[in-house]
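Two complexes are shown next, each including chain A; its partner changes from chain B in the first to chain C in the second.
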Partner chain A sequence: MSSSMGKTIGKNIIRMILLVIAVSIAAFTLMTLSPIDPLQANVGQAALGSMSQEQIAKLEEYWGVGQPPLQRYLAWAKDFFTGDMGVSLLYRQEVSKVIAVKLGNSMFLMVMAWVFSGILGFVLGAVAGMHRGRAADKIIRGYCLTVSSTPAFWIAMLLLIVFGVWLKVLPIGLSVPIGVEASGVTFLDRVRHAILPAVTLSITGISNIALHTREKMIDIMESDYVLFARARGESNWQIFKNHGFRNVIGPAMTLQFAAISEIFGGSVLVEQVFSYPGLGQAAVSAGLGSDLPLLMAITIISALFVFGGNLIANILYGVIDPRIRKGEKAV
Partner chain B sequence: MEKNTSPVLEIRHMNISFLQYEKGFRQVELPVISDLNLTIEEGEMVAVVGSSGSGKSLLAHGVMGILPYNASMGGEMIYRGQPLTRKRIQKLRGNEIVMVPQSTSYLDPLMKVGQQICKGSRDEEKKKKLNQIFHRFSLEEKVQQQYPFELSGGMTRRIMISTALIENPRLVIADEPTPGLHLKMAKRAMEHFRQLADMGAGVLVITHDLELALETADKVVVFYAGHTIEEANASDFKEVSLLRHPYTRALWKAIPQNGFESIPGIQPYVKEMPKGCPFAPRCEKRTAECEGEIPYRKVRDGYVRCLYDA
Partner chain C sequence: MKKKINGRTLLLFWLVLSVLFLTAVCIGGSFLDETARVTDFSRKNISPCIQYPFGTDWLGRDMFARTIRGLSISILIGVCAASVSAVAAFLLGVVSATMGKMADGIVTWLIDLVMGIPHMLLLILICVASGRGLKGVILGVALTHWTSLTRLIRGEVLQLKEQNYVKIAYKLGKGRWYVAMKHMAPQLFPQFVVGLVLLFPHAILHESGITFLGFGLSNEQPAIGIILSEAMKYLVTGKWWLALFPGIMLVLTVICFYTMGDSLRKLIDPASAHQ
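Let's look at the complex of A and B:
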């Protein structure tokens, strides 16, 4: 058992390293192919016109214009793998510090959305699957299909208009109130600012989880063992408690951890709409501003999160399902 | 108290059909069981024998009220003197009326065996009873903590029979309880049902194994292409001349000790069912009348659906 455990860990570490290398190469390639001129984007056309040749050369060196890409990549990679993520060109701070702050903001939002969409999605999916074809199922499915075909940023704007502009009950953006000193910001302020973005992320997250849970639940309800349970006089509630929940929780957990990637991706758009200073927004500004070290770091950290989510999903599945836990061949 | 002279279960003219879509939106009704009749008395073990594809399993599902949504059932079922309505079966199934399923797929793969037999209940009485059943079936107590995938075929079979024994059944319906078991185990499984009958329950065993059925059952109902074609006492099978239907006689002759002979042809598929007697195309004695209505009539303390009784 322990040797196979070691093997699994080793395999996953190798996989992770390969993933980081592949992702970094892809991100770097895209970045060098980007048509954005870093000087024009960050300094501005007018300012550039009034600068001397030496000043422009200095700036070009700062933004890395004209350097051979391979050399640039290797220099970055050498630093990165020795633990130095470099200095953000936009924020003029260590990338690690920038990310720590942004990730902190985003985490708050993403964890809220992840937990909320996971629990609600599971409940809705289970209810719909148990009552296939009836009113509850139709309503839940209708909601999920509508939401999953609606872009997240559009929902974000809709919520913003309703709650931020018309009802004025929630702030329209940012993560803290405007014009308040950092020391004066309360935890409640932060929560209030995170509500709309988190709800937006949840709304879109729910539909995916609910639809998948529903599918799985329908399979279970059509299984022979549920038929037999019915023949043994088990009520709908007993069937759910004894068989439905037990069989659906494994796949639902897997899905939930795999859904981390969607929450991550969704947060980029949603943070943009709400001007929420999180990782997603930082990624957008790093991309548009040619901030290579920051963008690379964010990309890799996101990849690691998604990888970690999937890894946990796999491990959990083995823990939950006795057929895998007790070492049967894959079913 | 209901009179105990009435049979445990009486099925009259049961028919089950499926609605199916065929090429586009044309709906076809497929009659899988037509005019099924049988009676089970208290303490009696009745075997329904038929080859695969004859619709036997649906009989069990029909009685238990677990037919799929696109199936419809007609006819009459009378349980202990009163009609077995949908409502009544929903109340009785799982305690007075139990079913023993056909295969491992009827066990929840993620639920421990012991819990599963007790339907998740933590009742001490039930646990005691479970231990007794396990003892009787020579199953180790640790098996209760195992999952279905860890069981051998024979153990699975015993576990499924245990789900019936944990209740206090008056009617047991066993759907193919023996396939996959070697002869000794299969015989033992049949003996468990015999014991249930001897304890006073009515037992209906659905099987394709005539030889095995004859060893333990009191009565045999022969099923062919969705029709009950004969009801005979198990003792009738001692002498071929006591049997009433040509198909039953053919089944008798197919038993190794009786000649191991098979007859040509196959059981007709529901969509190509002949008019009148379903067995006519394979029957040596068929006449033009066999295409008409064939009554299910009483002959020598049994029943037969044939115009020509030997």
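Let's look at the complex of A and C:
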């Protein structure tokens, strides 16, 4: 790889760091703008009424009421840089610990969904593109269009009704069986509990990548080099292997890395339906309970994932496409 | 020739059908407001039948009325928020493409920033910032949907600026305003309208998502997300109709908006209408 490639990557990383800082400022501003009184939301009006002034003052200090925002932000940022994410107000644990557990649960699910939807979406898109206008294309396209207009949480609910309530083959929620000690939870249990959420995320994730791959594939099938390949007598599979694959995989991968943000968003909804204790569910309860440190940490971590995904996509593009490696622009 | 129906006519047919469906839902929703609120314990938990096609819930409310009413609320919120978002996208896109490097840098940076936070998370943040409720949902949807359309408009204007007829117009001494109105607007307007219509489904899906999570409207306003989140509590007891029918109607609504946008695009673009 040339030095120009390294330069671009360096530039991208600096840009990414600046964006993450901006994200943290934006998220913090939004949180402090909130008119919701964290005391009222979490302690409750009745409990507040029966408390002494001192107790209320103590609680106010705990939830950070009344301090100037700039001071709070700087204090928060200083701690964050030294690796101290603060204490989650809702879980009464260090944010880093809460995040570690939740992120572990979510990653299990999201990686499964991401890989599965990526591969299947690519294959379906390629098949549809190569058989444009035929039955396979129509079915795949119809599926993609329907799914992209269906909210993820509703698909989750339908799957829950069918597999959890009617057939009773898969568990209804949570990431581990209830009433079993942590040491007694087997890997298989975890997989069983992650199947439905992961399938939901995959179902919705496929459509985007499949539709884009299809479009690209159609363009390639109409190109002169494919026409020439046909004239030479190459079979469909040979055409795909020799001409289609390399041209389509680049855009598909960029798209799939950019889709990390979508999967993250989808997991928020899906985890809520399955009461799967992942990052998304933590974000919802942090939002509803005005748990500032936790919500901030989740926002920044998810932003890191999104920007990281984009960065990897840019680098991979250079690896796959020699034109970009040499500093030219892709056509 | 087996098929006699012209492609354009077919597109027009779908367009009209979608518009009819959506207006029917909106008008129906405003009439069914009262019916949707009536609770009657003598008819609770009825599964779908002829009198109550979508069944009734645990309070004996007619789910059909509730669904239509909820959809009309959701459509209204989605359309309002998406329109605001689209206007912002148009302005930002034009500014970014015409006001020089600095403005362009700022706008693209803003786009990256908004796209950097997962959409659902940003919606949650904005809803919390505005204290939840209707205001939060509209603000949230409006503030998060402009990015892709801004990119589209920006690209389009940049391309237009390079067109020969635009350059010639400038050389002939025509003013900026004249060129913008005579040469740019006619090209941009259709793109903008299609972009706007295609924003609606996204907006409605996100609106339903955020209300589903409990950040949106109160329980008295039966937006479609609220209906579905209430239905979720009763899923385990086997009341499938509470979730199934409102969901189907939501999907139909979104599909209608997509069809609307798609057929509009193809009708405006003469090259693709006869494919």
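Remarks
To be clear about the criterion, the second predicted complex is superposed on the first by the 318 of 331 C-alpha atoms of A that agree within 3 Å, B and C clash if a C-alpha of one lies under 4 Å from a C-alpha of the other, contacts with A are read in each partner's own complex, and residues count from 1 in each chain.
In the analysis below, a residue touches a chain if its C-beta (ideal position, glycine included) is under 8 Å from a C-beta of that chain, and two chains touch if they have at least 3 such contacts.
A quick note: this is a predicted structure, and the numbers were derived from the prediction, not measured.
Bringing the complexes onto one copy of chain A puts chain B beside chain C with no clash. Look at A:L30: by the touch rule set out above, it reaches chain C but stays clear of chain B. With both structures placed on the common chain, the touch criterion links A:G233 to chain B but leaves chain C unconnected.
In the superposition on chain A, A:N12 makes contact with neither chain B nor chain C.
In the superposition on chain A, contact of A:R246 is made with chain B only, not with chain C.
When both complexes are overlaid on chain A, the residue A:N314 reaches neither chain B nor chain C. By the touch criterion stated above, A:S96 is placed in contact with neither chain B nor chain C.
In the superposition on chain A, A:R323 makes contact with chain B only, while chain C stays out of contact range.
Judged by the touch definition given at the top, the superposed model places A:T299 against chain C, while chain B stays out of reach. Of the two partners chain B and chain C, more chain A residues are in touch with C. Contacts of A:T150 after superposition on the shared chain: chain C is touched, whereas chain B is not. Taking every C-alpha of chain B against every C-alpha of chain C after the fit on chain A, the minimum distance is 6 Å. Residues of chain A touching chain B in their complex: 223-225, 227-234, 238, 241-243, 246-247, 250, 321-323, 326, 328, 331. Contacts from chain C toward chain A in the complex involve residues 109, 112-113, 115-121, 124-132, 201, 205, 208-209, 212-215, 228, 231-232, 235-236, 238, 240, 243-244, 247, 250-251, 254-255, 258. Across the complex, chain C is touched by residues 15, 19-20, 22-23, 26-27, 29-31, 33-36, 145-146, 148-154, 157-158, 160-161, 164-165, 172, 261-262, 264-266, 268-269, 272-273, 280, 283-284, 287-288, 290, 295, 298-299, 302-303, 306-307 of chain A.
Residues of chain B that touch chain A in their complex: 61, 64-66, 90-95, 98-99, 101, 103, 105-111, 115-116, 119-120, 147, 149-150, 163.
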